[in-house]
Each structure stands twice: as C-alpha cells, then as structure tokens.
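In the two assemblies presented below, chain A is common to both, partnered first by chain B and then by chain C.
Now for the complex of A and B:
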C-alpha cells in the first residue's frame, strides 16, 4: 500500500462485524474487515501555492513522489511518522486535514539536507519543511515552535549587533520558552568545566556577557536588514492571507 | 588550488569560535603557526547567519555572508578560510546564490547599498575549509615529516557532519575525482590524521547529522542522534571522535552528558577537534591546543597515550 493511502487503514476507518455469516460462511471478527468508504470534498486548493510562496517552498511543484527524501531523512529514522514525501503529497493535493494531524512534528526537521542531497528533482525538501512549518504558524494552526523561538532570538541578536554571543542566546531562549536554565545535564556540564578551571576561558566567556561582541559601524546594516525583514514578513503574511502582526 | 597561494589566507573564525568553540580557534591558529602558514583575520567581520537566520529569510543570510566575502576582497585576498562548517557552508552558499539566483543578487545589492558598502560580486573570493587549507597548503607527505609525536595506536573515528558536504551543488570543487573531496565519503580529515599517525577506523556515520540545529530546541531528538553517532563510533572501535565543526563538537559533548543524565547511557569515547589531535602530533602541548577548553575532559586519556 502506498504511503499516501495509509490513512485508509487507520483504526477508525475500519469496520468489523463480530457476528457475520455470508452465504453460510462464518466471517465473524477480522475475517470481515472492511475499509469504510470515503469521499473527500474539502480540498484546500490554495495550500500548495501558499506554501510555495514562502521561502524554501518554491520548488514543491517539481516533486514526483519518488520517496528519496523520506528514505534519506535523519528524523524519519528516529520517528517514522516524520515523512516529508507524504506531506509533500498531501500539500500538493490540498489535503489539509490530513496534514494537520502531523502539525506538531513538522518543525522537527533538523536541516541536515540529506533530502536535498538525495532529491533527483531539486525540490529542496528541507526548504519545503521549513516553509510548511512557517505556514502552520502563520495560519495559526500551531503556536511558535521552540525552533522558531530559537531562530528569532538568534537572528534578532545578529541583526542588532552583527554578531552573537552564545550564552546570551541560550539564556534568552530558555526564558522565552519558559524552561528552567538549571537543567541537570547543563549544570553537570558547567560544573565539569569549572572544576578543571580554565580561568582564562571562563573569564573570557564572562567578559563576553558583560561587553557583548559586536561588529563596528553596524547601524546602517541593521536598519537595512530590518527594513527588508519587515518587507518579507508582510509579503509572507499576504501570501498566506494572514492578517496583522505575527 | 595551488598550495603556494595558501601560505597566507584570510581567516574567518565566526561567532562560535569566539565562544564555545574557542578551542578550535586556538588549535587552528596554533597548527597554522607550527606549519608556517599565515592567517589574517577578516577586519570587522559579522555573523554568517549560522543555521538560524535563513529560517527568517534565506536572503538575509546571503547578505550577511556576502559582506564577509567582500571584506576579504577589500583586504586583497582571493581565499578565505573558515574552520566552522556553518560559516564555510554559508559563505559557499552565498557564492552560489549570487552566481545563480537573480533575486538574491538584487536583495544583496539593495541591502549593501543601504548599508553603505559595495555589494559582493561572485567569483572574487573562494571559501575554503580548514581541512582544504592544511591538506592543500602542506600535504600529507610534508605533514608526516613534521610529526614529532605520532598519534600511533590511537583509534579515531572522523566525523564530518552535515554542512561540509551538503547540499552538493554549493561545493562545485568536490566530487571531481582523485585528489578532490568526496561528498558521499569525505576523506580529507582521514588523510590528515593518517599522516599524523592515527589509526582511522571504518566509520559509517561520517556525514550523519548530530541534530545541532535543534540542540536546545529539540534536545531529546539531538540526544538520540548524538548517542547513535557516539555508540556507533565505539562499536567501530574508536577511542576518539575527531571533529571539524564547533556545532557538531559542542553538540556531541553536550548530548554525551545529557544521554548519561537523561537516558542513563554512559559512553567513554573522547571528542577532540582534528586540529587538536594534529597540533599535539606536531609537538604542541595539550594546553596550546586548548584541550582544557573542551566541555568534555580528555586529559587523562591523552596523558595515557603520551600526548600533550
């Protein structure tokens, strides 16, 4: 059975008769398993175009469903529900409801680009995953994922000063996602480092927090990038028909 | 790429090498010095966009990376060396996009004009990795002659990560036959460390992903991916995983600890930058190559092996 038909055999789509005799033959229980009929009428025909209009989604129309992306996928190996080929299929058909079943894992793409490496059609599935995750957020189907929170925190710092300072990104990220900074494994890591006492290293890290690294004469670049970001965000919102600030 | 013009190249360390990856910065410079290679740091560089900015918009990343390339050009260099896989990848990608995508060119020109500097034009500066730099500028034969403290008897798994080879199209110089790097089975790090005497193990996960992009935002996923890499390396007989990317390196170190704390799976393989191993082989001390700055402690192991 092709992957895109797997929804047909989902538990709720199967019927079984506990007691059934047909033409004198006992077909009770699983001998009488049927797939319920279905008719799809709620195709979202705009979905493919909307996702294709977001950065990374441009080449989705090129897909011919070979499955190389899913075969190569890092996340698929850990979680078989993570299936780029299936999602591309659903998006192209406009099967929004099916796609939304997986809305909470699509953002988990780790951008390893194995799919893009394997794809014979230059779909760049990694970009499509990012565009899809972005689309879900813009449409209000999902809240901002932890990944988006991290990207925004990181990018915000780069745009502001031209450089990043890692401990600041980490601290702000934990604050944004309301996680305690004192994760036991993080504590173990820092304790291990402090125990070995590379004074110079720790001092330099501390200094970077106080006097953050920055690129000189960055103000004009910052303004120019910010203007561009606003332009892109407005264009993205317009492309998916979303209103207001994101 | 001719070896002689690599004796002096522009150096783009990037943000990670000034933070968690400082040991890589230190060991790269120390190895360069010991091999008589000169690095000139880009003046007033900025972040390349790492793995995050492209998710806001890929063209901002193109601008950020292109600005660094134009600095290299202004300083009179036609080669810039970036040891960090993320930086290396982004600079390569900017070069590719500016040569092939008119929209990227337009946005880069627009932002550069507003920012008050010339927009970078493709074809002026070639980005190389620390692996290219050492292999091409010195070569295995010369390296082997300079080794004072052979890595003999140390079993190493060479781990290259994602961004050094993928996607293929941004690395036009790779996969060009003998002597060039392979995107499917990279071997430059293997070659360099073999010249330094190390015993490279057959390691199938050279270009597997450590989940670095989601190291903190999806820690459970990263821990699983890292644990798989580490346990496979151990199963292959490796005592050390040699790395060439600060994100991979920190990811492996962090999630090695996290796997022990959260999943109760303890592993013993040591994680060192390839420049640290090479540096010690060239006779530098462990502190010269920043072993004390790694998050994981490998000093006892190195002592036992007679290094550092």
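Now for the complex of A and C:
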C-alpha cells in the first residue's frame, strides 16, 4: 500500500471484548470495538547512529524528506511499498518497530542508483538501503539476503584461492539458498555448452572443477584480505551493538 | 539641509542611519526611549548574530561606539517624542520632558516587539518553567551559563524548538512570516549542540524558510554538521507527565500522532509590530499597514518614505526584518533624509 493510502487502523490494534457490560448495557462483540492508540511515544536516538556507522549509511542525517529518491526509484515503480524516503525518516527518528514491518522488502533495492543522482542533498539513498539491509541482518531481524549469500560465496572463493570457479559458485549459491541445482535454465545452458563448445575447453573446465587451481603465492594476500575483512566486520558489529563486536 | 535629522530609535537601523548621516556631515538628533543604545540585540541580550557569528555585544556594540560621542550626533537617552508638529523641512518634536527639537526631517527606526508566548497558552509558556523562548536561550548562551533547564538547572537530554510561535497564525491575528526565526532557530540549535553535544535537538516546523544564503550555513549545516533533526509537525499542545514535558502533535510525514517527552521546549517567537505603534502612528501622523507595522510607500519610486513627506522609516518598524537589512535600510533612509527637499522649495533654490 502506498504511504498516502496506508491504513490508519491496523488489524492488530483493534480490540474487541467478547463479553462486556458497561453500565448495564451489553456491548459484547463488535459493539465494544476499540482502536488502541497509535501515538508515537518516544524517539530511539541510537538507531540513526547505528545505520550511519555502516558503509553507505554515512549521509543519512542530510535527508530533508523531499521524496526525490522514492520518485526516482526503480523498485518503487513496481512495488509502491518500497519507499526509501519513508524508511530514511523512520530511521532518523528511531522508529524501529515501524521499520521492521518492511524488513522483508528493504533488501530488494536493485542498486540502480537513480536515487543517488536524483538526491539534492547527496544522501546517497542507495547506500542507505544497503546499510539498512545490512543492519537488519546484523541485528538478526532478517536472514542473509540471497545477494549476501552470493557475495559471501564469491568473495570466499577469491579469498581462499585467489580465483573463482563459476560452477562451484553456482552450486554453492544454490545450496546456501536451498534452491534445486537442476534449474531448467542451467540445464539448458549446460546442454548447449556440451553440444557446441570445443572439446578442449570442456576438458579444461572439467579439470578446473576437480583440481581447483590457485593463484600462485596467494597466502600472503589471503592473510592481508582476511585481516581487513575481519576488522571491518568487527567494526560494523560494534557499531550496531551486535554480538562479536569489540 | 542645516536643521538636524531626527532619528527615533537607537537599534541597528537607527544607529546605521545616524552613522551614515554624521559621515556625510549632517547633524543628527537620536532619540532612544531606553537608557542605552543598541536596540533588541543589546537590550534583549542576543548571543551570536546571523550571519557573521559575531557576538551581539561586539558587533552592535561597535555600531554604538562609532555613534556615541561623535561630533554632530546629539544623543537623547530615556527620551520619547510626545508630539511632532510643523512642516516638512521645519518640524518641531517635543519630548516627554518638554525639550523641543528642531528637525528638517525624521527617520523612524522604532523597531518591533517580540511576540509574547503567553498568547499561545497551549504551548505551555508561563505554565511550565522549562518552556522558554528563543530570546531566553540567546540569554543563556550570551551569559555564558550554558543551556540549562530553568526548573532545576540540569543540562537537557532533549530539546524541542517549535517554529512559527506568533507567526503565520490567523487564530492570533498574525498572518505574517517573521522571516528570521527559522534561521535563528537553526543557529541556536547548532549552538546548543556545540555547548552540550549530548543534547539532542529537534525542530518542529511547517516550512523551513532559511532564505538566500542562510540555507547552506544554517539549515544544511545544522543537519549535516550538527545532526539537528527536523520534524514536520505543528505542535498541538505542550503538557507534562510530571517529570518531563510532553510535546503532542501530528507528524504529518508519516501521518501519526506524536506524544514525545522533552526536557526543554523553546518557542521560536516571531516579530510583532512595536507595541507603541498606535502612539507612534498618531504622534508622527504616519499610516500603519494592515498588520500594524509602519506603512512604507512603494519601493520602486520612493526611498524609505512613509505617507508623510519628510518622515522616513527603516528597519523592523516596517515589518519583520533581519539585522543586516535593517542596517542597509537605515543607510537608505539616511540617503533619503540627506536629499530631502520640501515640496515648493525646489523651485526657489
């Protein structure tokens, strides 16, 4: 539902007493329907700071709510619930409960960066979306998004061997995200390759799967990358007060 | 013109007019009803001024210094004009103590009066000690005592600044924007954040009118460098839960009622017409505009003129005005007074 149509009355806020008598008048059932207050009673001042501390979220405090990001948004055009302007507001004022209602769509940002170019204040909303999705994961509100799973598998292989092996990336990605390996498009792709690709290259591809070639003298680079990644991750966790932080 | 120019009011506009005229060799009589010069910035103890960030006592103080004791400037403190008679070029002003002043022309720089927040009782001023005005916060800063809740002297965790108090409100007959309060509030918010970095500052607004170059230095800077938060809501009422102030209203961007605890609430009070404007109008024979400020003739063909020939006007007497523009208008009025030739005498000369 777009913001301007958002229902002011949420189902969970309706209270109905099955048996209720007030001053001798029976108001059981829907006669006694109440709507609980939806007044905001406090601001959580830590929330903006936490998200601003994650990569991409640095400029969130610049937002003046003009709505350029939402107007420019590729995803919003498809799903009006996807509203970066609104989420930035919720985060700035620390309305965690409200933000969590949308936790399953925030990660859907496709990083087209149209908002980045539309934003007059250089908030970089795309970065904020990334930081917010990251925050939701670190806080344990959402499982790792498919793109995070992919990134982890991809970068994990690079860090380990200095190279990626495509078939292994795909297999492990499907396993991590619990998707069947026998995807129709993948089957068609492999069949096509088997028929049309020169045999020499097919053999080399097959060998690569089995032998897992490595970049020579990679150990030193691996250590340095791992050190850096761990440092950044620990800092991120510390910023949001999640487990495993400093 | 051999007769002196009478300037009424010793604030920024009056001081700048007096200085400009004296610099041109024109004799000036400056009448000020208070016991010192400087106008609102000095009398009300403003802190740092927009846009220079200079302390009011230094910046306006320097304006006072260059007028005080200057040859050709006749200062009359604790004085008010009781009656004003004569013709353009030959006016006679009679002060309350009976002194008569001969003047060729006069410049009214009688300024404004701060809105009295008691007239908006729903916002708690006068009911709760921790509801204060921007003027009081200016005084907290300029006195060097810092930002403290008046009730118990604690440093507030959270401060709300309510904009448009006494402005843009038909309910109290004030249909004007006071022009400076957005910028002043952003400035105050930044100063609060600097003085006590742990204090969170929220500004409740309807529109933000930090016009011109104030946009970057005040509105943007307050958000980007000082993390001041702006919430689009006109507050309905300020109450108390017994411990802290409760600010109630509707956050119109998310369409939800708010009822948020605060330690201090600041009213960004607007600029009213000078409370003496009815008297000034009748003494000097000048018209007021429909809002109660002194009416100015069309700016295109007239320089600082009122409806009465020989009586000029400058600064916040004509409507909400910034200090910088008041100074510029004072200089413009000085130019007008300097060149003033009463009708009928032009041909004779």
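Keep in mind that, in the parts below, the second predicted complex is superposed on the first by the 176 of 246 C-alpha atoms of A that agree within 3 Å, B and C clash if a C-alpha of one lies under 4 Å from a C-alpha of the other, contacts with A are read in each partner's own complex, and residues count from 1 in each chain.
The criterion applied here is as follows: contacts are C-beta pairs under 8 Å (C-beta built on N, C-alpha and C of every residue); 3 or more make two chains touch, one makes a residue touch a chain.
Nothing here was measured: the structure is a model prediction, and the numbers come from that model.
*Asks:* Counting residues of chain A touched by each partner, does chain B or chain C come out ahead?
*Replies:* Partner with more touched residues of chain A: B.
*Asks:* Tell me which partner A:75 touches in the superposition: chain B (first), chain C (second), both or neither.
*Replies:* first
*Asks:* Identify the partner contact of A:45: answer first if only chain B is touched, second if only chain C is, both if each is, neither if none is.
*Replies:* second
*Asks:* Examine A:65 and indicate which partner it touches, taking first as chain B and second as chain C; both and neither are also allowed.
*Replies:* second
*Asks:* Applying the document's definition of touch, where does A:56 land relative to chain B and chain C: first, second, both, or neither?
*Replies:* first
*Asks:* Contact-wise, after the overlay, does A:135 reach chain B, chain C, both or neither (first, second, both, neither)?
*Replies:* Neither partner.
*Asks:* A:92 contacts which: chain B (first), chain C (second), both, neither?
*Replies:* A:92 sits against chain C, while chain B stays out of touch.
*Asks:* Identify the partner contact of A:188: answer first if only chain B is touched, second if only chain C is, both if each is, neither if none is.
*Replies:* A:188 sits against chain B, while chain C stays out of touch.
*Asks:* Can you list the residues of chain A that touch chain B in one structure and chain C in the other?
*Replies:* Correct list for chain A: none, the interfaces share no residue.
*Asks:* Would you mind writing out the residues of chain B in touch with chain A in their complex?
*Replies:* It comes out as residues 15-16, 18-20, 22, 44-47, 49-60, 63-64, 67, 107, 110-111, 114-116, 162-163, 165-168, 183, 208-209, 211-214, 216-218, 221-222, 224-225, 253-254, 257-258, 260-262, 292-293, 295-297, 299.
*Asks:* Going by the contact rule set out above, which residues of chain A touch chain C in the complex?
*Replies:* 3, 6, 8, 37-43, 45, 61-62, 64-65, 86, 89-90, 92-93, 95, 98, 121
*Asks:* Residue numbers of chain C touching chain A in their complex, please.
*Replies:* It is residues 200, 202, 208, 220, 223-224, 227, 229-232, 251, 253-261 of chain C that touch chain A.
*Asks:* Help me check something: in the complex, which residues belonging to chain A touch chain B?
*Replies:* Residue list for chain A touching chain B: 55-56, 74-75, 78, 108, 110-114, 116-117, 124, 130, 134, 145-152, 154-155, 158-159, 162-167, 170, 173-174, 177, 184-186, 188-189, 192-193, 196, 198, 201, 204-205, 208, 213, 215-218, 220-221, 223-225, 227-229, 232.
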